[in-house]
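Okay, so subunit A shows up in both of these, paired with subunit B first and subunit C after.
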Partner chain A sequence: MTKRLLEVEDLRITLQAGSGTITPVDGVNLALGRGEALGIAGESGSGKSLTLKSIIGLLPQGAQVEGNLRFALGDESPIPYTSTDVHGRGISIIFQEPMTALNPTMRVGDLIAEGPRIHEGLSKTAARERAVELMRQVGIPAPERRAKMWPHQLSGGLRQRVMIATALSTRPKLLLCDEPTTALDVSIQDQILGLLQEIRINLGMSIIFVSHDLAVLGELCDRLAIMYAGQIVETGPTDDVFTKPNHPYTEALMTSVPSFDATSVKLAGIEGHPPDPRSFPPGCRFSPRCRYAREDCTEADFELVATDADRSSACIHTEVFAEGGR
Partner chain B sequence: MSAFLEVRDLTVTFRVGSALKARLRGEPPPDLTAVDGISFTAERGESIGIVGESGCGKSTLAKAITGLVPVASGSLHLDGNPLTARRDPATMRRIQMVFQDPSSSLNPSLTIERMLSELLNVHRIVPRDAIADRCGELMELVELPRSLLKSRPGRLSGGQRQRVGIARALALEPEVLIADEAVAALDVSVQAPVLNLLNSLREDLGLTLMFISHDLAVVRYVSDRVIVMYLGRAVEDRSTAELFDDPRHPYTRALMAAAPKFGVKKAPGESALKGEPPSALKLPSGCRFRPRCPIAEEICEQTEPDLAGPSPIQRAACHFAWDGHEVRS
Partner chain C sequence: MGRFGFVARRLLQTIPMLFGIVLVVFLVLQITPGDPARQIAGLRASEADLEEVRQELGLNDPIIAQYGRYVGNVLQGDLGYSYKSRKPVADIIGDRISVTVWLLSTGVLMTLLISVPLGVIAALRKDRMADHAIRGFGLLGLSMPAFWTGVILLLLVALPTGWFPAGGFGDTFGEKLRAIFLPALTLAIGSSPFIIRGLRAAMISVMESDYISTARSIGVAGGRLVRRFVLRNAAGPGVTLVAIEIGYLLFGAVVIETTFALPGVGQGLVIAAQGRDLPSVQGYTLLFALVVVAVYLLSDIVTAILDPRVEIDT
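Up next, the complex of A and B:
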């Protein structure tokens, strides 16, 4: 791996839920190199958004966080940080729903100019010029005119570009992307992915991209981490994971969605549905839905174990699985 | 013989903006043409996919066929009988729709059993004393345990709710089922079973299925035939196999290029389809795809191409769709 930018060690997030507590993120480890793009795949509720929010310090009030987060603000190795260290300085985030993430009472240009004004002390005019420049950079046509518009006057695709411009305005080293294309048409998704790839390469930025869509992650990411029920169950280089998944859940995810290029073999899907954090199954959390499950799976302690030089899996029966099951 | 479902020159308009302001300016009141002269036919048991970008009129087309929005012009026939704006309940029953968001279309305060029973009762589908049995059968049909009949929608998972939505549509014993983004809101792991369910229902019940989605891969999985829509028009109508093998409309080709594919890395700044569709209130002259079309020529600015081709299911609305092209029969 290239020089490290971010390390997440044994991250555990506990939240109030009704009368009890839940731990929807439960022992997550991640490492990200400079300039690298990491994809986190998982279904809704698996804890992807909470993981990203904890990295940038945007967790909901009352959330309890355990574990270690380290980030390299300068050229040295990653060190522990607080959200005020990185917010507007090293890490930015973009979300799925630009309409709820963008302040509706501010003009688009002012929204984008806010970061540079606060963090770099730019004058109003200079910040506004920077905003227009950023809008041009993210491919917004007629940026001078659109800078004076309100968020609700823009299409979903343009709003997403505004959010990206806002995120870039503080020149981050790491861009967190929380399903930024999920609500968009394939055509606009394709444009945004092309834009993110361009930004990443031109600005040498690192990216963590979260999505339930493996094919989308594949278009952008060097490495993948597969998340299930608050835990990372497999990691590895994208192409390796696609060619030969090392965890039954990854395999199941890949055979759940119709592939664009292949005609219909019957899709398998997965029995049941993703578990609720109020009642995660004991042992391997995927066991109730796993077609390879054995008796000892429900007693297995969670551990993400290296399977190859660059890969890891939390399945205790990778041998069975590698042979294609019973 | 006439086709089972026949849609001819179907146009749906919505009044937008202020009619008063327009009248003061001496202009006609602004109308948005959401579906603009669509014609196609479907046979009994056929499965037709409808794809296109957001706002191109897919849902409006579905609602017009179902009778949920009024038709501005054109005609609809089912089994040779005209479908008019005011349909009697018996006709309404024959075409049913399943919506994207199962939770917002189910009454949260009713148990599944109450909901299905009331429907069966109001439409007098079965005698009163057979209603309980029928509820059970419907649950079986959509592969849900009968025990869930006593639950309210809030207790169900997204996939289960969508199955209930399908059961509700099937309760009325429709001949045409229109699924509008029926799996878009579901987790990826539970989409496949719902798609498989739709496929088997079509076979078992001989339903005509219209499957609306923005996801080409999903459409390919469930459809025999695909209609590609752009700005209210059908721009390509082909058998699924042919469409994916050899798309003839530049818009279809771009949509396919834009779809994410396993193991293909995105090139920086690259995209298959530039810009966004213009507003339906400000259509470009000539071919409506022209501003985004990579191969547009002068004629495209002057003349709007017809949806045409060698056969009713080999049609594309592009001046150059069939140039130098020999169509296999």
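Up next, the complex of A and C:
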């Protein structure tokens, strides 16, 4: 593997929900190499967004985080960090809904100029020029004119490009993308994906791309991590996972068709519902919906085990599954 | 069109509202029991005298005609004559209005000086000591009626120190300021808890939004985050809040002017109501309603200026 950029070890996020507490992210392990693109797939509520937010230190107030996060700010190996270490420096994030992610009372050029003004100490004019340059870089036509516009005056696709320019304005090493195309028209989705691909290649940036849409991840990512009920149930190189999934949930995801309703990211084709974080099933959390489930599945402790050199799975019956024991 | 169009449209919308207000105020006088002619002519007037007064005032005309005349008069600033002093109501109000303007503007200023910093601190320190303490003081302020706060301030501050008059208004700027200080403080103590609570809620909802996460992710923090991202977005709801509060403050002024014996329009309304001086009551009511409409209009315009999205929302 290439040199490591990010390591997530046994990440556990506990939140207040109503009167009780929930642990919607419960023991996540991830590793990301420099320049690598990792895709995280999973149904709605599996904890993808919370995982990203904890990496960049943007969890909601009152969230409790356990586990170890390490990031390589310089050329050395990853070291533990705080959110202020990476805000505006090593890590940037792009959200799903560009309308709500952009400050409605700030001209988009000024927003993009914030990072350069704060971190590079640029003057107002120099920062503004850099903002226009960034806007051109992310393919916004007539950037000088558009820099003076308010977010609501732009189309969804342009807004997301502004968001990307804002994320790039701090020259991050790692770009977190939380379903950046889900809220966009299908034709625009492809353009934005193309842009992210281009940025990644040109700037040599690492990316973690979260989506419920495996096809999107397949285009963009070197490796995949499949998330279910707050845990990573399978990881591996994209092509390998696609040709031969090592976990029944991955297989179910791949045979299912994502629903076309972009706002509800449920997956048609898998029986039942994703479990509620207030009452995760015992043992393997996928067991109530798993077609290969056996008695011992509900007693098994969760553990992500290596199955190949660079693959791992949390299913205790991979041998049955591998033989296609259906 | 843009924002200018919005302001123009909003002004036009106000016109029918104004006519409605005048109509209601006019009708209140019509349905109030009692014979205006009798009020003016006195208890011992003969039926012939009464008829003469009615003719003079046009009280025998059809009600539509009377309304038309009333609207015409109001538009010219003629609010009729007081039953008591026989002076024009407009003049009576004119004599009293400056006291109330002093009271309200000082009261609003004090309210803002108290609530904006406390609201911001409460939001930034949500659920921590400072937030709880501010909420505790707010409850205290809310639980004290204005006349009670006023009496306490008079007893504990005005009388022992002798710095502030216990009642009345002054002539010089300094005197006026001293006379208005405690009444305005009373207003501010009563209204700050609302503004603090509203501002805190507005700021917290802004701080939970995605664009604050975006700002923090690119390293905007501290005062810069509060100024450029939080306050700018919470200002609109804040202005609306203050406008609503000014509406309430008008009625607070009635109580406070009475407690502090301030010769403002609030006290004037109380005197007019006690004396069943209907034209004066009508005049005051009209004034209060107009002020409320004007404040709301102003707040809408300010909000529109603060929020770049308004032009598409209308």
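Quick note on the criterion: the second predicted complex is superposed on the first by the 314 of 326 C-alpha atoms of A that agree within 3 Å, B and C clash if a C-alpha of one lies under 4 Å from a C-alpha of the other, contacts with A are read in each partner's own complex, and residues count from 1 in each chain.
Keep this in mind: a residue touches a chain if its C-beta (ideal position, glycine included) is under 8 Å from a C-beta of that chain, and two chains touch if they have at least 3 such contacts.
All values derive from a computational prediction rather than experimental measurement.
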Subunit B versus subunit C as contact partner of A:I118, first or second or both or neither: second
Which of subunit B and subunit C A:A142 touches, first, second, both or neither: neither
Of subunit B and subunit C, the chain that contacts the larger number of subunit A residues: B
Subunit B versus subunit C as contact partner of A:A101, first or second or both or neither: second
Which of subunit B and subunit C A:D185 touches, first, second, both or neither: first
Contacts of A:A306 with subunit B and subunit C, given as first, second, both or neither: neither
First, second, both or neither for A:I201, with subunit B first and subunit C second: first
Touched partner set for A:F242, first subunit B, second subunit C, both or neither: first
Touching partner for A:S92 - first (subunit B), second (subunit C), both, neither: second
Complex contacts: residues of subunit C adjacent to subunit A: 126, 208-211, 213-221, 224, 228-229, 232-233, 306-309, 312
In the complex, subunit B residues that touch subunit A: 53-54, 157-160, 187-193, 195-196, 214-218, 220-221, 241, 244, 254-276
Sites on subunit A touched by subunit C in the complex: 53, 56, 58, 60-61, 83-84, 87-89, 91-93, 95, 97, 100-106, 111, 114-115, 118-119, 150, 152, 163, 166-167, 169-170
Subunit B-facing residues of subunit A, complex: 43-44, 141, 155-158, 185-191, 193-198, 200-202, 212-216, 218-220, 238-239, 242, 252-253, 256-261, 263-264, 266-270, 273-274, 289
